[in-house]
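Everything on this sheet refers to the single structure shown next.
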């Protein structure tokens, strides 16, 4: 059998390795949602520097749970301290039973930690006052952190770039092109978008994968009000030149897409990733336009729901 | 009739499409204020990720209303909870009527939510204390978010670049140039400005618009203390070469301007957009200088009010 | 008299105008501290969008005054409202005289605005409670803004790049070079520094100034642990080639310096500007090294106090 | 003895000086942890602008100490003021002894500064009320700063890029290459990594060091899910061409590495530095792969613990 992909020879040097390693298995390197098909192991056990990252990226319910649990633990600890000191150091109306004393200690702690301090119970000794002062200090710091995290989570830029479910092999000028399209699902402005598309193919000789960058019709747009169709023309210089649908499938082809943009609401760079495997490519199809002609008022309309719509080419 | 704009042939590939689509109507793609003449539709109904963007970009009165309403609702909910628990769980002086009880519940909630806690009413049972602790916790979180948003809105960079109302076709060296000028309406420093000017023209054959980038005398300045006149010299390579005022009008010409700058107060990139249609171009005029010669103290003066002033060339 | 600066002819197009305009007076365009010798006028009267910029850049004492005044005014307004409502709506111990009532109103306001709420006075009617709830809400928002501004001011990156007081005309390889040096006065790390030096000279024919960029030995360094000597070699292509000390003075020469860097503590870009006039150039001098040889411990020492030290070349 | 390193001649101009000066001692310029082997002296005594940098970079225990001390001092100052005013201006229950009065003053201050205000003591005169209002105002501002700093420290980007302990001289295609590898110890995504490697060698004639940039196989990767082996191929153009292990040692060689990346959690650029001296280079070794082949689930595994593993080449 003749060697089907002569360009692979040119790719022998790891000139476009995405850091995914040269892979031996048949599966994809980048999942549709942009995560890597890669597990990390061997990291040190104790990594306090991971805390911020975890708190900022965990799910909303889990974050709420962490906050509530932290609050509860702090109150239990201080309630315990107040009990240890003795509730006779407080001006309070509750009874002498342990439960009564614990309740008073716990709710005094709760009021102090949040600096509500509504005064139904108050410390009367220096010791109790000192503990309460310390607690309100810690409370302020703790809430500052919690609030900062809450706002940090809320205001974190989060690109919602939707990729068309399928990529196409469609007519383009007098040749064929590999293309897919993207829209911004958010209503904020993305500016200065850049696209980078890599192709990974399995070398039938060695079984390992090689990577190459695909030349794009344009790698950058200034504005992104509607949709952007990212096009790799399959000219004779393209590694896809002459490849059939079956060739792509046999070579375990994966198109890995990176999008970078500046988010004008958050004033920060955002990134999006996705990938297309050979069975996510529609051949001889083309995309249905998403932007309708201008109506009488001179306003054009872009219909995001048409992102995946295509027709026979 | 001979084909008037031969350069359009060269633009057949969508090499400078701004993402506005090739438009069929006669109107403008980018409005004077930089917004797009484009409506988005087909987005998913439920988009919680839009919340931050909306809260940060809505008008000031509307934002104030949202804050007040949120506060009111939270207080009503917690007042309802306190009433449900029973106001006998509180040490209070109000009467037994529902209105009295509601008032006490509502204002206790208000004091707890803002952590004022001035103590005129206080919870005496574990249940009421627990609810109050929860409310002050939620209140702190809610106010943290509100305050973060307030500061986020206040400190959001917002370029106030004013574009001259008219662009000019003015003498430039030994030829003519398309030019307009900009000033910074704010007194903060903008640094490293970049300009990008696109021209869109309607192809008389197909009726759709084509885009091309105009070469500028300079695309970037380091400092922006006064004004910047952005100049596209109409040399033989320019798509405007040989075009008359009437040609521009018939081709439904639109000059789309993008400005990018670094804002030294906010330490962030800012962007501004605008556009000029053919009827916003003054022919054979030139701008009156905005910077006056230095006075005796060695200080030059830039008069922002002169931005739109021009004279016959 | 023959025309002394033939290169000025080549600079006729405003290819390096810094936005300072072509100046007619003899004074400098950029002051030593980096501010522009330029006054702005003609801006609109009412510019609410300037508020943040002003609050973040005003002097510390003035900012403190604004905060105190804002606090005082808010308390006076709410004290007035409480008085208008009638102090009988409050549970208080003060006397019936106006001064007594005002004091109670004012300090209740102060406690409510800062959410201290220590309970010495408390509202007993729905009206007073409502007003107090509103005040604590506004207080929280106001303090959030004030605190945000305070932290914003405190954490604002502020490059402290010190420029050598004099620039030198010093031997460099087998020619002469224009050079000056900079140090970072802060102990934080500046990374990826870029330098840009412009020269402005007065054209003796027209009296106006022309600008040109000076080619530097290197325009960028990756690290900046000690000092950086920025060098423009005066080779035959330099506009300074063949110019004497007197030529520079007669041409009203001004060297305008822009430095850009990434501040690793603040994780933001910072900028610094300065300028050298012809009388701030020392001829035939060279800089004394600032970095001493390594001592026994293998540690080199950079002495910032030597920044301006030079010796005869 | 013939001159061993002819390329040094070409490096005579300081074209790649990293700002470390040309060093005369035998030790390293950049330590393994990325700090510079350089001490700064001669800075002005009073540098208030250093405060933020110090507070944001000091160790956690020291920062906690500063916060506690600041809190304590503020309380002592205000307690002193209240005592000076006289505790008869307060409604309190404590005795007349100085210690009793001090305790009341101190704990009232503590409650006011943190805006807890639980009401066990309250001011009854205008003077005491005014002081308390001022204290709560200052307290709010101080805590705002402290909280901002706390969050600023917590959310500060901090690249944890681990460098392989040894660099290698390993076979690469048909030649030898200098190489080392890095991993991201954090689980957040680093994007758009750039590497820059400088080599410093001592000129045997002058005794001072010269710097040169090493050409890398690739200077940038888009993604960094696993590890990155940074490779300088020793082709005939390399300054390392023909050098032996002993040559490197005699020339006091130091490889200085700079890594730049975009941190996707913090949305900021981060930097890392390290260095390799000649005795930290393993000759004729190669790295053991860190990414294992995909398992049955199609998931590859990268084992961070293998970073330093190598084998004979």
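Per-chain residue numbering starts at 1, and chain names A, B, C and D are given in the order in which the chains are listed.
Operating definition for what follows: a residue touches a chain if its C-beta (ideal position, glycine included) is under 8 Å from a C-beta of that chain, and two chains touch if they have at least 3 such contacts.
Keep in mind the model is a prediction, meaning the values are calculated, not measured.
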Query raised in the report: Could the interface between the copies subunit A and subunit D be described as same, meaning over half of its residue numbers are common to both, or is it different?
Result: different
Report summary line: Expressed as a multiple of 5 degrees between 0 and 180, the CA superposition of subunit A onto subunit B rotates by 90
Report task. Just grab the chain with the largest centre-to-centre distance to subunit B, centres being mean Cα coordinates. Result -> D
Requested in this report: Using mean C-alpha positions as chain centres, tell me how far subunit B is from subunit C in Å, no decimals.
Outcome: 26
Query raised in the report: Where does subunit C touch two or more other chains at once, residue-wise?
Result: 111, 115-119, 147-148
Requested in this report: Show which residues of subunit B lie in contact with subunit A when the two form their complex.
Outcome: 13-15, 17-21, 23-28, 36-44, 47, 49-50, 52-53, 56-57, 91, 111-112, 115-119, 122-124, 126, 129-130, 132-133, 136-137, 139-141, 144-145, 147-149, 152, 156-157, 196, 258, 260, 266, 268-271, 273
**Report entry** In the complex with subunit B, residue positions of subunit A that touch it
**Finding:** 67-68, 71, 75, 93, 103, 106-107, 110-111, 114-120, 143, 146-148, 150-151, 154-155, 158, 160, 173, 185-188, 191-192, 217-218, 221-228, 262, 264-265, 267, 289, 291, 293-295, 298-306
